[in-house]
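Input: one structure, supplied below.
Chain lettering (A, B and C) follows the sequence in which the chains are written, and residue indices restart at 1 in each chain.
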Amino acid sequence: MIDYLLYVILPQVLHGLVWGTVIAFIALGLTIIFGLMDIVNFAHGEYYMVGAFMGYTVMSVIPNFWIAVPVAVASVALLGLFTEFILFRRLYGREPIFHLLLTFGLGMMFREAAQLIWGAETKRMDVPVTATIEMLGTVYPVYRLLILGIGICVILLIWYVLKHTGAGSKIRAVAQDRTMAWALGIKVPLIYTSVFMCGVALAGFAGVLMSPINFVYPTMGIDVILRAFIVVVIGGLGNVMGALLASLLIGEVEALASIWISPTIAETLVFVILIVTMIVRPAGLFGKAGER
Amino acid sequence: MFFEVKELCRSFGALQAVHNVSFTLDEGTTLSIIGPNGAGKTTLFNVITGVFPPDSGEVMFKGGRVTGMPPDKLCHRGIARSFQITNIFQGLSVFENIRLACQGRKATRRMFTPVSKLKEPMEEAEKILDLLGLLELRDRRAGTLSHGDQRYLEIGMTLAAKPSLVLFDEPTAGMTPMETKATIELIHKLKGMVTIIIIEHDINMVFAVSDRIVVMDQGNVLADGLPQEVKANEAVKTAYFGEEL
Amino acid sequence: MAKLNSGPNLKKTFLIHAIILSALAVLPFFLNGYHQKLAVEAIILSVFAMSLDLVMGYAGIATFGHAAFFGIGGYAMGVMLKFLFPSLWLGLIMAGFCTAILAFFIGFVSIRAKGIYFAILTLAFAEVVYRIIFHSYNTPLGGSDGLVGVPTPMLHFWLFDVDLTKTINFYWVAVAFAYLSYLICRLIVGSPFGSILSGIRENENRVPFLGFNVKWTKVTTFVLAGIFAGFSGAMFTAFKTYADTEQLSFLLSGKVIVMGLIGGIGTLVGPMIGAVVITILESIVSTYVRAHHLITGAIFVIVVIFMPKGLLGLFARKDRNNNGS
């Protein structure tokens, strides 16, 4: 019994934490972008994918993972700047149906472009840190713990920035009332663009971090985006805390469920959770009905 | 008792918007509810018309309990309301606005006959437009009407379902003096046919149409009586003018 | 709103319909086999796009999972034709029945959520349906391979039979199907029910105060749209002789919205035209260009940026305030 707990359950719990953290990276970007600009970005997963591919590309030139990571993140941020300026600006103030279409189309373009540039086969990446650590009698890969650690640091950093810095309060001001914020002299378009860049850069960061584990292929964005959306909705659109908690919840549910049922069914389970949540609390677990 | 409100309470967080409001209403009377801004008048209307339920208290109509009933059910029971901020269908024509409101009485959901074949709503709509003096504007898009005409349309939509109790929320808001005068005449016309509750700020109008006045302040009922009584009431004067007169 | 059924208008409408129908009737004689097949697809898909218009253009509800009904209708027809009875009528009935139940379930459950949440819920449900069918490889439904080998059905009328194996025959049946569906939808939209929809689209907040139950009206519309989507999916499968998971995909849900937007939602006819345009465009693009998803995606983007009002220019108003809150 204890063995089962330690050797089967515990690693999965940790897997769930790691996966939850990765989803949180993506979901945080999504929910903050939505909370701030009311943009529903179905192409968000593609930034994750681009991050992974950029990491792969850098690695094939300079085989140093820890150089590849910041380069990948920076390039995704640049891509974010580019797309925000040219495309996402046009979505401000419009009905979500237009967001869906534009971002979905954009996603299709990204996927196809990735396929044209890098080919459709899955690319394998070597885990940069192959050490494992002994924990309570079982062995667990250090790299995953590293991701978890990085994840926690980044999330805390975001939390700190939002709550305790001047920039953070400007962001929150714009999220609450953009006209007022503008009237107070806050440069709203600048905030929009920078937040968007950070949001997608986060996704790219997650992408490159996860690439040694999940490998790199053009459709990897699709796999995460649906989960991220579910998380964001369960947590309440625009609710940062909600997104965090929901990410962990979903990460754990998937990880634990796949002990007993196949991963694909575990995936379907995630959707079912969304549906049940919506029935019980239509605005998300932490969302308020009046909020957008 | 035709209409009765018993100790209605409604809070939003720490703000007690409506506190222990009670009054009764005889059929055919016109009651005005007045009070400074923030007194809770519109919240009271919202509670009565089913926008949200009260925290406690009852609303009784024609002997039946209607507390917390949703707006569509209240409409069928005979309670209708108009809104302080014009709440019409901007993109539809004036006629379509009223006709749709008339359809609401029986809430026909027939799908396979053209709507123009519905005799009753079509005729009723004509009558109401006539009553309001909006017949010439019938095919205009409602959004293109002047503010005053839009307020009339608003009133018309409220009357369309042939309610026995009508709640008007600041019907003359933003109207010119001439339009206000016409509204007063309209209400006089309606007096025998429906029971009316009006929220109003225009004191002249209030004294012109009311059989009774209820004064609210900070969620409470401050005074309740005939217009002359309320006029002379000291507490009311204090609430409005903030000083002992 | 159309003012039908007044003397000269009726004659004019009748004339227009007659001209269009005649043109459609003779069209196949000018097309080669491949193009005839494309025409059939386009016409069937036009009903799918029109069904979405009921929900999006008339009731003002955004739904991201409409393909679920198309696909289920297709599978229902497939199952009927392959395993039960090779009759088009029975297949349509089965498709209508299944999609009605599914649409009612999804609509009823989701209606508690508003605006974007509702749309995401419909997406979630559609994805669940997709995944269930996708993983059904051990059942006759075929999983990701799809339900293949669907025999072409018999179409029995009272006095004569139609041989549906001939594309041109199927074409005429498809035109009849589309026209009939259009007439029914027109009737619905011009009915008292239809005016409630307009009210909901224009100002949902006021509608309950007029005496209507908004939730039920929305669910009913959702079911109606689902049924027509199911019918078109059924016809699609009957024509293509297979049903596959692509008919359930999010891609298709997105495509049908684009069809609606290009043609102009809120017109019934607009989305039908949009469906034809998209079908033709896709076929041209995939013939000449290898990376056709890139082009399709670009089309989505371009439509949103440059053609928000569509060809028939109707989806103008309220970009921000009618999210059903």
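Note that in this section contacts are C-beta pairs under 8 Å (C-beta built on N, C-alpha and C of every residue); 3 or more make two chains touch, one makes a residue touch a chain.
From a predicted model like this one, the values you see are computed outputs, not experimental measurements.
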Centre of all protein Cα atoms: which chain's centre is nearest to it?
C
Most remote chain, CA-based centroid, reference being subunit A
B
Using mean C-alpha positions as chain centres, tell me how far subunit B is from subunit C in Å, no decimals.
43
Between subunit A and subunit B, what's the gap in Å when you average each chain's C-alpha atoms?
50
Roughly how far is subunit A from subunit C, going centre to centre by Cα mean, in whole Å?
34
Quick check on the complex: what are the subunit C residues that touch subunit A?
56, 62, 64, 109-110, 112-117, 119-121, 123-125, 127-128, 131-132, 135, 250-251, 254, 257-258, 261, 291, 293-294, 296-301, 303-305, 308, 318-320, 323, 325
Could you pull out which subunit A residues touch subunit C in their complex?
40, 87, 90-91, 93-98, 100-102, 104-109, 111-113, 115-116, 226, 229-230, 233, 237, 264-265, 267-268, 271-272, 274-275, 278-279, 282-284, 289-290, 292
Across the complex, what residues on subunit B touch subunit C?
49-50, 70-72, 75-76, 80-81, 83, 87-92, 96, 99-101, 103-105, 107-116, 118, 121, 157-158, 160-161
As the complex stands, subunit C meets subunit B at residues 1, 3-5, 187-188, 190-196, 198-199, 202-203, 205-206, 208-214, 217, 220, 317
